[in-house]
Amino acid sequence: MSFLRSVAGALVLARPLNSSRTVQTRRHIKRWVAPTLRELAHRQQKQGPQKPEPRAGYVEWNYRSELFAFGKRLGENFELPQLQEAFTQRSYAHQEEEKQRKLGIEEGDLKIADNQELAKMGSHIARAYVEAFLKQSLPKVPKEGQEAIASYLLSTETLANVSSHLGTKDLIFTTEYPPSPESLAESLQAVIGALADSSGVERAFLFVRDFICTQLNQKDLLDLWTPKQPVQLLEEICQQRKLGEVEPRLLGDCGKNTVLAAYHVGIYANRQLLGKGFGEDVPTATETAALDALQSLFDIHENRRPFDFGLQVETKNVRLGN
Amino acid sequence: MASLLKVATSTLRSTLWQTRSVATTTPQLIKEIQEKQENNVRTYEGVNIESERSEKLLKSACQTTFCPECTLGLDIKHTDVLILSQYVRSDGCMLPRRITGLCYRQQKKMGTLVTMAQKAGLMPNLGPSWSKKDPKQRYGWKKFNKYFLESTIKY
Amino acid sequence: MSIAKRVQQWATFARTWHIYDCTWQNPFESAALVKTHLMGLHKPIYHPMNDCGDHVVLINTKEIALPGDEWIKRVYFHHTGYPGGASWTLAWQLHEKDPTMVMKKAVYNSMHGNLQRRHTMQRLHLFSGDSVPDEILQNVTNQIRTPRTVPQRLDHIDKETLENFPTIMDYPKDYILR
Amino acid sequence: MSNSHLFLKSGFPRAPLQNGLGRYVCQLQRITLKFCKNNGSSKGMRDFIENHLVDFAKENPGIVVYVKPRRHRTPVLVGEYLNGDREWLSCRNSTQEEITKWVDLLRTQNGSSSSLRLRKMWHTDVPSIQGPWTPFLLRSPEAHGQEYPSVEASKPLDAPQTATEKLIELFRQQKQLGDEDVLSQKRAE
C-alpha cells in the first residue's frame, strides 16, 4: 500500500515540476539578451559612425534601368552610352585603366571615355544661357551685378545641390563615396553636354532654365551681389541720369543715447526721396538708405515681380561663340 | 375752450410771480450819488448801479425759469469752474435758491458740484478769508490732488 | 542675411522712448496704458517671447489724483517677514514718503502674473517732478496721450477768457453784493 | 496618444529644387516590393504584382521598380526619394487595392511625409510685401523735432466738449445774431 502511495506521490511531484519547467521556459525572460545587446551597442560605438555604403552595392541594383529612368524622369531622351560616359569621372577612368593594365589587357580597348569634354561643353552652354536669361529678366541691373548673380548660379555648390536633387549621386562612377561637390557639379555639366548632343541645343537651354535658373526664385538678390560703396555708386548713377545732387537726411531716431539706438535716414535727390534706410548709427543708416535707393533703381527689391521662368529666350541672342 | 383756459392760467401765474418778487425785508438799495452841474443848478441824484454781468448775459438766461441743464442741456462737471463760480459768493458760500432762480434739483446738484470743486482745490480764490489760498499747503492728505465722479451725485 | 535684412530687423525691434505726464491722472488708469507700452502690446509684432517692450519715462508722479477720499481709504500692506512685521500704510502717507512709489506699485500690479514683470519694470523711469536728466530726455521721441484732461484752477485761468465769459445768472436789482 | 510627434523632425512644406516651377520631376526614384511566394499574408502583394505592376511601370518610366521575392518574409514596400528619404511600409494582409493606394501615395510624395511634422501648411521667403512694421512707420510728421514733454501732445484727442466750451460757443452764436440784427437795422435805414 505504502509502495502505491509513494508512486502516486512521485507522480504528483513530477507532474507540476515539468509543467512548471515548461511554463518556466515559456514565460521566463532570457537573462542573456540585455547584456548581449549592450555589448553589441558598445562595440558598434567603438567603431565610430558607419560609413555610408553606395546604393550600387545593394542586391537590387540595375545600372541600365537606373540610367533609363534618370532620362525619363527629367522628361528628356538621352542615348544611354553617352549618358554613361557623362557619369564616369576622370579619376575613376584612370583607376580602371591601372586595374586593367595590372591584369595585362593590351592597350587596344583600354580607353574608357571620361566626361571632361562633355562637361566643358555643358558648362559653356549653361553660362551662355544663364547670362542671356539674366539680361532679359533683369534688364536694369548693371554688368557686374549680372555677373555676380550668374557666378552664384553656376557656382559648384549650387550645381552640386541641383545635381544631387536630380538623383545623380548613385549613378556617378567616382573613386570615393559619397561623391564630392565638384564631381557632382561636373556630372551635371556633363549631363547638359550629353543632352545638347543627343537632342539639340534648345532642349539643353530649356533644361538649364528649368533647373538652374529656377534657383533664383524668391532669392534675395542683394544677398548675391552687394555693391561695395553704395553711396558713391548712387552718386555716379544720379549724375548719369541727371537726378540732381544726392543728400542724406535724418528722418527719425529711437533712444539716441542708449546702446540700442536706431536711426532712420532718407536719401533725397533734389527733394525727391530715393530710398530710406535704418541703422544702429548714422553712417550705417545712410549706407542702407543708399542700398535701398539702388535696389529701387535696379528693381531688385524683395517684393519685385517674380521671375517669369516660362519665358522663351530667343536662341539668336544666346552668344554661343565658342 | 382749452386755449382760452391756458391763456387765463398763464396770466394768473405771471401776476402772482410779480407779487412774489416783493422782498419782505426792506432792501438796502445801493445807489450811487451822482452830482450834475447845469448852469448854476447842482443836482444830486441816487442812481442804481448797473451790474457788470448784465451785458454778458445769455439771452436764454434771462427767462424766468432757467437751469443750465434743463434749458441749455449743459452737462456740468465739477471742473467747469467758470460756470460754478457764478453761483458762488466771494467767500465761497453758495447763493440761495431765491437768488439763483434754479429748480430744487438743480440747486442741490450745483451745491454738490461747488463743494467738489472746492475740495479738489479748483476755486481757491473764492474761499473764506482764513482759507489757504494754495491747496498744496493743506494739511495731511488734503494737499494731494483729487477728483470726483459726477455719477456719484444721486439726484 | 544681407545687410538690408539685418538692419531691417534692428529697426523693427528698436526700443522707442515714451514720456507720460501723470498730472491730475488716476494712477491705475495710466498704469494700464503704461503697461501696454512697457510690454510692447501696442506693437503689431508683439509676442510674449520677443521682448519688444519700450521705455516709458513718467514725470510729475507727485501730481497724481485719486477719486473721492481714496487717499485715506486705500491701504498698502507690507510685511518684513519677521514676526510682528506686518504694516499697513495709507495711500497719502506712502505718497508723502515717496511720491513715485504709488505709481510704481500701480504699474507693477497692472502686469499681474507676467513672469518678465521685474525685467519689464527696469524699462520704467519714474520722476516725481518734471525735472528729467538731459540724456534721458534726449532719448524720448513720443508722448503718450493721457486719458483724462487736466482741470484748470480758477485763479490760473487767464484774464481774457475770464472777462468775456458769458454769465448765466444775474443778481436781482436789489441784491447787496457781499 | 503616442509621443512620437515630439521627436519628429519639424519643417514647412517645401518643393525640393523649386520642383514644378521649371518642370515637374517625380520625386520617387526607386520602389522595392518584397513579398513571399506562398505565404498568405503576401497574397495582396502577389495580386498587385500580377495585375497592376506592369501598368504602373509603363505609366511611370521615371521610377525604377525592384521586386524581391523572399521566402517567409512579410510583404514590404520601400520607396527611395531624390532627397535621400527612404519610406518603409509593411503591407501585411493588405489587399491589392490598398497596396495600389499606398503606391500612389509613395509616387506623389516629395519625401517621407510621415517623418516630418509640418509646422504650418504654407511657406514663403517674402512674408511681407510692404516690409515689416517699424516704429518709424506711422509717426506723425509734426512729431519730428518736437520738444518733449509738451502739454499739447499730452492732451487726449477724443475728449468730449465740456460745458464751458459749449457755453462759449452759444454766446458767440448769440453775439453773431446780435451783430446781424444791428447790421440789418442799419441797412434798413
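By letter and in written order, the chains are A, B, C and D; residue numbering begins at 1 in each of them.
Here, a residue touches a chain if its C-beta (ideal position, glycine included) is under 8 Å from a C-beta of that chain, and two chains touch if they have at least 3 such contacts.
The model shown is predicted, which means the values in this text are computed figures rather than measured ones.
> Could you name the chain whose Cα mean is nearest to the mean of all protein Cα atoms here?
Per-chain C-alpha centroids ranked by distance to the global centroid put D first.
> Where's the contact count highest, between which chains?
So the pair of chains linked by the most contacts is B-C.
> Between subunit B and subunit D, what is the gap in Å from one C-alpha centre to the other?
So the centre of subunit B lies 71 Å away from the centre of subunit D.
> CA centre of subunit B versus CA centre of subunit C: separation in Å?
Computed value for the inter-centroid distance: 38 Å.
> Taking each chain's centre as its mean C-alpha position, how far apart are subunit C and subunit D in Å?
43
> Using mean CA coordinates as chain centres, what's the gap between subunit A and subunit B in Å?
Centre-to-centre distance between subunit A and subunit B: 90 Å.
> Please set out, as single numbers or ranges, the residues of subunit B touching at least two other chains.
56, 58, 68, 72, 79, 82-83 - these are the residues of subunit B that touch more than one other chain.
> Where does subunit C touch two or more other chains at once, residue-wise?
8, 11, 14, 16, 141, 148-149, 165-166, 168 - these are the residues of subunit C that touch more than one other chain.
> Do you know which subunit D residues sit against two or more other chains?
131, 134-136, 139, 162, 164, 167, 170-171, 174
> For each chain, which other chains does it touch, given as pairs?
So, checking each combination of chains, I get A-C, A-D, B-C, B-D, C-D as the touching pairs.
> In the complex, go through subunit C and note every residue touching subunit A.
Residues 1-5, 7-8, 10-11, 14-17, 55, 135-136, 138-139, 141.
> Spell out the residues on subunit A that touch subunit C in their complex, using ranges where they run on.
The touching residues are 220, 222-223, 226, 252-258, 260, 262, 264, 277-280, 284-285, 287-288, 291-292, 295.
> Per the contact definition, I'd like the list of subunit D residues that touch subunit B in the complex.
162-164, 166-167, 170-171, 174
> Which residues of subunit B touch subunit C once you look at their complex with the stated criterion?
Listed in rising order, the residues are 21, 23, 27-30, 48, 51, 53-54, 56-58, 61-62, 66, 68, 72, 79, 81-83, 85-87, 89-91, 95, 99-101, 120-126, 140-141, 144-149, 152.
> Which residues, counting only subunit D, touch subunit C once they are in their complex?
Where subunit D meets subunit C, its residues are 131-136, 139, 143, 148-151, 153-157, 159, 162, 164, 167-168, 170-171, 174.
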